[in-house]
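Consider the two complexes below, in which subunit A is the common component and subunit B and subunit C are the respective partners.
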Partner chain A sequence: MGRYIARRLLIAIPTVIGVFLAVYFIIRLIPGDPAAIMLGAKATDEQIEMFRRQQGLDEPLSVQLGIALRNFMTGDLGVSIVSKRPVMALILERLPRTVELALWGIGLASVTGVILGVTAAVFRGRWPDYLITGASTLGMSLPSFYIALMLLTLFAVQLRWIPVIAVEGPGVSRFKTLFAPVLTMVIGNSALTLRTTRSSILEIMRENFIKTARAKGLDEWAVLFRHALKDAAIPIITVIGYNLAGCFGGAIIIETVFSRPGIGLLLIDAVNARDYAVVQGTSAFISIALIAVNLLTDAVYGLVDPRIRVEAAGG
Partner chain B sequence: MRHGLCGLFGKILPMIAALAILSGCAGNRASDSIAAASTSPSAGEPVQSASENSGETEAPEQVLKIARDFEGASFDPAAATTANDYMFAPMVFERLLTYDSDFIIQPMLAEEWAVSEDRLAYTFKLRKGVQFHRGYGELTSGDVKFSFERLADPELNAASNYANLGVENMASIETPDNYTVVITLKEEDPNFLIKTATYYGNIVSQKAFEDIGGQKFGVMPVGTGPFECVEGAILGERNEVIRFEDYWGEKALLDRMTFQLVSEPGTMFNAFEAGEVDLINITDYDKLEQYRSQPEKYNIYMVTSRSMLYVGNNMALEPFTDARVREAMFYAIDRDSLINDFYLGFPNPARSILPSTSMFSIDDYWDPEYDLEKAKRLLAEAGFPNGFTTEFYCPNDSISMGPATIIQSQLASAGINAQLQTVDFGVFLDKVRAGEAPLWLLFNDTNIVPDNTLSRYTSEYYPGSNWSGIMDADYDAAVKAALSETDESKRAALYADAQRKLIDMKAVYTVCDSEGYNVTAAKVKGFDFSADLTIRFDKVYITE
Partner chain C sequence: MENNKILEINNLSVEFLSDGSVVRAVNGVSFSLKKGETLGIVGESGSGKSVTLNTILRLTESPSAVMRGEILYNGRDIFRMRKSELFKIRGKEITMIFQEPMTSLNPVLKIGGQIAETIYLHEHVGKEEANNRVLELLKQVELPNAGKRMDDYPHQLSGGMRQRVMIAMALACKPQILLADEPTTALDVTIQAQILALLRKLKREYDMSMILVTHDMGVIAEIAERVIVFYGGCVAEDAPTLELFNNPLHPYTRKLFGCIPRIDTQPNRLSVIEGNVPDPARLPEGCLFHPRCDRAAGRCRKEVPPLSEISPGHFAACHFSVH
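What follows is the complex of A and B.
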């Protein structure tokens, strides 16, 4: 397993560099001069030229690429042309909020999804199943910004249980700032986990070894939790990993509605401002996070199914 | 041994919880430090809010909570470029001079000033005893010299303020003593005094900048204003200022102000209506109407900004090379309908090519007529009896798309099929600066000294800042004459002449002045604006 992870880490290096280079060129293909955007519409030509000169934006593309790549290989993600602050400092400033939201949101969404999925599978064809799958359809259908705004209106504006601006501060507890954003993520992300759990359980329950377990006299709960769930775990873990990976850049809607500036908002603001270094650095950081989550998912596979561990070690 | 899913979750959930707690502790640093900074000294410097320091009665703390929808990248005034930067900056920083509503120069950090006979040397006598925030000592002439010269630093993103203050035209800045600054210009600049009275010339502490460092200074800068920054600010998120107890003038009434960035308008309105913030800036006229209908709960304050709604054509592109086509376009726009129906009558119609709050703006020459029949007749004379199709560019933001859609339909009534191209702001700038936008629309700012706005339409700036492709030698000469005239008695007439020539070319149509509407909770009193259109937070107080 260790060799497998080491091999995956080695493959990750060219992947991250590839992401960096791809983003480097793509962001520069987007029309829009960062100097003009930064200084605004009333800036004169002389002011724009001065800004470009000061920020090195008048250098040839190849020179800019060389500098950026050299810095990147030494761990320097560059400096924001907008704020003049190191990109890594900007990311680290925003990261805790994103990680906090992602872990609580995906954690609770996963637990909720699995429990409800198992319940739906157990009560297949009866009203609990219809209720749960119907709710999951709603959760998957509603856009996240709609869910966020509805929760905000209900809990913050109508009931006044939580603050509208979900940022901790004097007199505002952590729980209150997380409640609505996390609930938004749970509603949106648990649906897929729920559906996957339900279908996986139903498929496993038709297998012969389940019949054998029942024939041995095991009660239904033991059949379900000691035998069926173990085999149903792989696709469920895949979905959870997919949801977690998507959080790092995909939480921008929640970050915007609840005014919780995180990595997603950092990236979109940087794209709008053509802040090249921040876009490159943040994209590279997100790709590293995605690779880490995928590795974690693979490692969890091995924990759940030793056959995967053996194949990975031998491969 | 195989592990069940339940056992797996039993292992993973504690790890997730631990990670969340760790991340939460990290995320809590900002809030803790703001809370701590409000009640305890910053590093090495005794800073306490008045209510905690007074030891007097238990009067409720006067705290004004402000939400704003956009924030610049730095609180360092050298890097300020956005309207919100300027709204925040004046209460933390001050300039050598200021001006009143008639643009008459008034003293501020400089008590006296004198201009040499050749109008190249300006001598300023500083007010004595003015203190910088956070114990950084008394204002001296060295701080003024530092504040101006540092605008050339490429690390500060100060290109705008460097140019607008005219630093390049400064041959030297001398400090013969601690309270005297002598600035010698390379060339005469009749607008120099008023430039030093604007936010381009904000004065900061040299000692603080060198002590704190550029990046941290951008988060917690040090000035001389009635409010000072506290630690714990997070750019792009929140910051806080407290009353400066050693302010040289009349102390502010508020104890603290908190600023929260809320980019989503719905969230901002909800937070305001829930009482989480006390002051917002609003551009949604329907929402404004709602607040106006509840005077017992909300106060509304309007200030006419130096921003206007511009609609332009590019007279270097067909068919706008024909003056009749441009005139037809102007006749096709029903400005009154746009202002009354779309803007619900709030803004004032534009009276010139310059906003009414800019120097030298005229108000007796621009009053466009709406006449659909004249528009159609002119188009027919120009060879377009059935109209023509063209492209109409505007940024894809909420304040531009609305009026652009209205004007598009108005032009269509005359036969001008303007295909609306709502694009990202960066793409919009690319298009107009490249001279590729036959029609364009934008809310744009003008400085108090309108030189940039007038000169951008001269020949040398096409393509570039001259979005309308104007290449008219008469206009070029008129602008040059206005900008170079040093005789005060002649300047107004020359600026007026340049404006009339620009209006006559029918390349730029101004719709209305842009008004800024600030809405406060009813408990907020004393709200007022200074002549430079910024909020006088030092006069604001809270009632219960």
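What follows is the complex of A and C.
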């Protein structure tokens, strides 16, 4: 297992560098000079020229890239040209909010998905099944920015339960800042977990070992929870890992709509300001987080599926 | 005489409704199992052997299955039992081992735990006692290295070893009846012989009654005291083993033997008889065997031959069976 993880980590290095390079070029393809955006429309050519020299923006692209890459490899993500603060500090400051959103969002989405999926499987072909699978189709087909906007309109504008800008403050509890963003994530992410749970359980209930479990004298609930659900855990964990990896992208949208200052909003603001170092650092950080989530999912597989454990130990 | 019937099946039929057609898997089967007896069931693939055996424990129950008839266990109809009563019989009084050892164990649970689960379910025992019993059972079924194997997962075991685990599980609560559905079909020939010898030994030690389903006349000759020949979900013939081998009455049984020159030679599998097994979705009228029978007459195409006692203890379902 140790060797397996080491190999995966080694493969991760070129991936992260690839992401770094892709972001490096794409951000520079977006029209708009950071100096002009920073200094505003009234800035003189001279001022702009000076700013460019200070920031090293006048060097040839290859030199800029070389320096950026070298700094990145040594863990130096540079300094924001907007706030003049180190990118790493900005990320670490914003990170807890995003992690909080991701863990509550995916955690609750998974619990909801599994419970609804099991319910749909148990009531297969009857109204609770149709209701649940129908609702999941809706949840899957609505884009998350739309769900987020609807919830914002409902809870912040109409009902005034939550602030329009999701920041804690007087009269604004942490729960109020979290509630709607987490709900958005639950609606968007529980559908796939639900469907996977339902279909894997239905498939597993046809397996021979389920007949063995029944022949032992177990009642249907024990067959479902002590046998079928344990076997269904493998596909379910795959989907949860997939959701967790995907939720970073979702967080960008959700944090933007709810004005929740996490990593996602940091990235979007940086793109708008052409704050190259922040865009670069944040996206690299997100890709590393993605790789970590994937590794974690693989490690959890080994815990639930004894067949994988042995293969990994052998190879 | 009547009292020593531990299991009596009367006019059992099982139909499956699938895609608008009715699959008549079992069509009015009657037979009984005496206390301590080993009953063999033979028949070609698709003749309803597995469905019959599974139905004894109501394992075929599903929204698309229609079951009729009676299954009397010690005089009580299993079909009329409440679920809670049925769950006390399954795994404790009547147990079953299946045709597919490779897929009959849960792949994500340790084998020791899977056996212990049955013990916990039916008896109030502590963890230590359950573990000791599991170890004892695994030794009885001659699983090599039983102590270490308890913590293995099914994929670490060969087919033969898995079937031994299934047997251990079936014996865990000292059942009255063991239903063995082709326990060796999926295994290598050498392993087949070992498993059969094991079943025979354990049946004696545990003083059980047993129904053994097989394709293999050789296996029947070795183990069964009485044989039932299945054809198209019906009983074609029912007789003591020796009587059946010496004096097969039903034309179908004779054809089965046509493939085995002598009982004492290599046990053969039932080799192919000309013609097709009847399709349970479109059963022929009259005698189910008439499309393949050399002796079929006009009457055979219209009248279903009843299963009748041709000589004491020897039953056959053919219009022309005479002793």
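Following the convention adopted for this analysis, the second predicted complex is superposed on the first by the 300 of 315 C-alpha atoms of A that agree within 3 Å, B and C clash if a C-alpha of one lies under 4 Å from a C-alpha of the other, contacts with A are read in each partner's own complex, and residues count from 1 in each chain.
Note that a residue touches a chain if its C-beta (ideal position, glycine included) is under 8 Å from a C-beta of that chain, and two chains touch if they have at least 3 such contacts.
All values reported here derive from a predicted model rather than from experimental measurement.
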Report task. With the two complexes overlaid on their shared chain, look at subunit A and say whether subunit B and subunit C clash or fit. Result -> fit
**Report entry** Which partner reaches more residues of subunit A (counting touched residues only), subunit B or subunit C
**Finding:** B
Report task. Considering only touches as defined above, state whether A:Glu207 meets subunit B (first), subunit C (second), both or neither. Result -> second
Query raised in the report: Which holds for A:Lys230: it touches subunit B only (first), subunit C only (second), both, or neither?
Result: both
Query raised in the report: Does subunit B (first) or subunit C (second) touch A:Arg274, or do both, or does neither?
Result: first
Query raised in the report: Which holds for A:Lys216: it touches subunit B only (first), subunit C only (second), both, or neither?
Result: second
Query - Superposed arrangement, angle subtended at the Cα centre of subunit A by subunit B and subunit C, nearest 10 degrees - result: 160
Query raised in the report: Who does A:Asp45 touch here: subunit B (first), subunit C (second), both, or neither?
Result: first
**Report entry** First (subunit B), second (subunit C), both or neither touched by A:Pro306
**Finding:** both
Requested in this report: Answer with first, second, both or neither: which of subunit B and subunit C does A:Leu152 touch in the superposed model?
Outcome: first
Query raised in the report: Tell me, in angstrom, the smallest C-alpha to C-alpha distance between subunit B and subunit C in the overlaid model?
Result: 5
Query raised in the report: Both subunit B and subunit C contact which residues of subunit A?
Result: 226, 230, 233, 304, 306
Requested in this report: Could you pull out which subunit A residues touch subunit B in their complex?
Outcome: 30-34, 36-48, 50-51, 53-55, 80-85, 93, 95-97, 99-100, 103-104, 107, 111, 114, 149, 152-153, 156-157, 160, 163-165, 167-170, 172, 174, 225-226, 229-230, 232-233, 236, 256-259, 261, 265, 269, 272, 274, 300, 303-304, 306
Query raised in the report: If you look only at subunit C, which of its residues touch subunit A in the complex?
Result: 54, 57, 59, 83, 87-92, 95-96, 98, 100, 103-109, 117-118, 121-122, 153, 155-156, 166, 169
Report summary line: Given the complex, residues on subunit A that touch subunit C span 207-209, 211-219, 226-227, 230-231, 233-234, 304-307, 310
Query raised in the report: Where on subunit B is subunit A touching in the complex?
Result: 2-6, 8-9, 12-13, 16-17, 19-20, 23-24, 26-28, 31, 34-35, 38, 67, 73-74, 79, 81-82, 154-157, 159-160, 162-163, 214-215, 218, 234-238, 260-264, 266-267, 270-271, 273-274, 276-277, 424-427, 429-431, 433, 442, 444-447, 452-453, 455-456, 461, 464-465
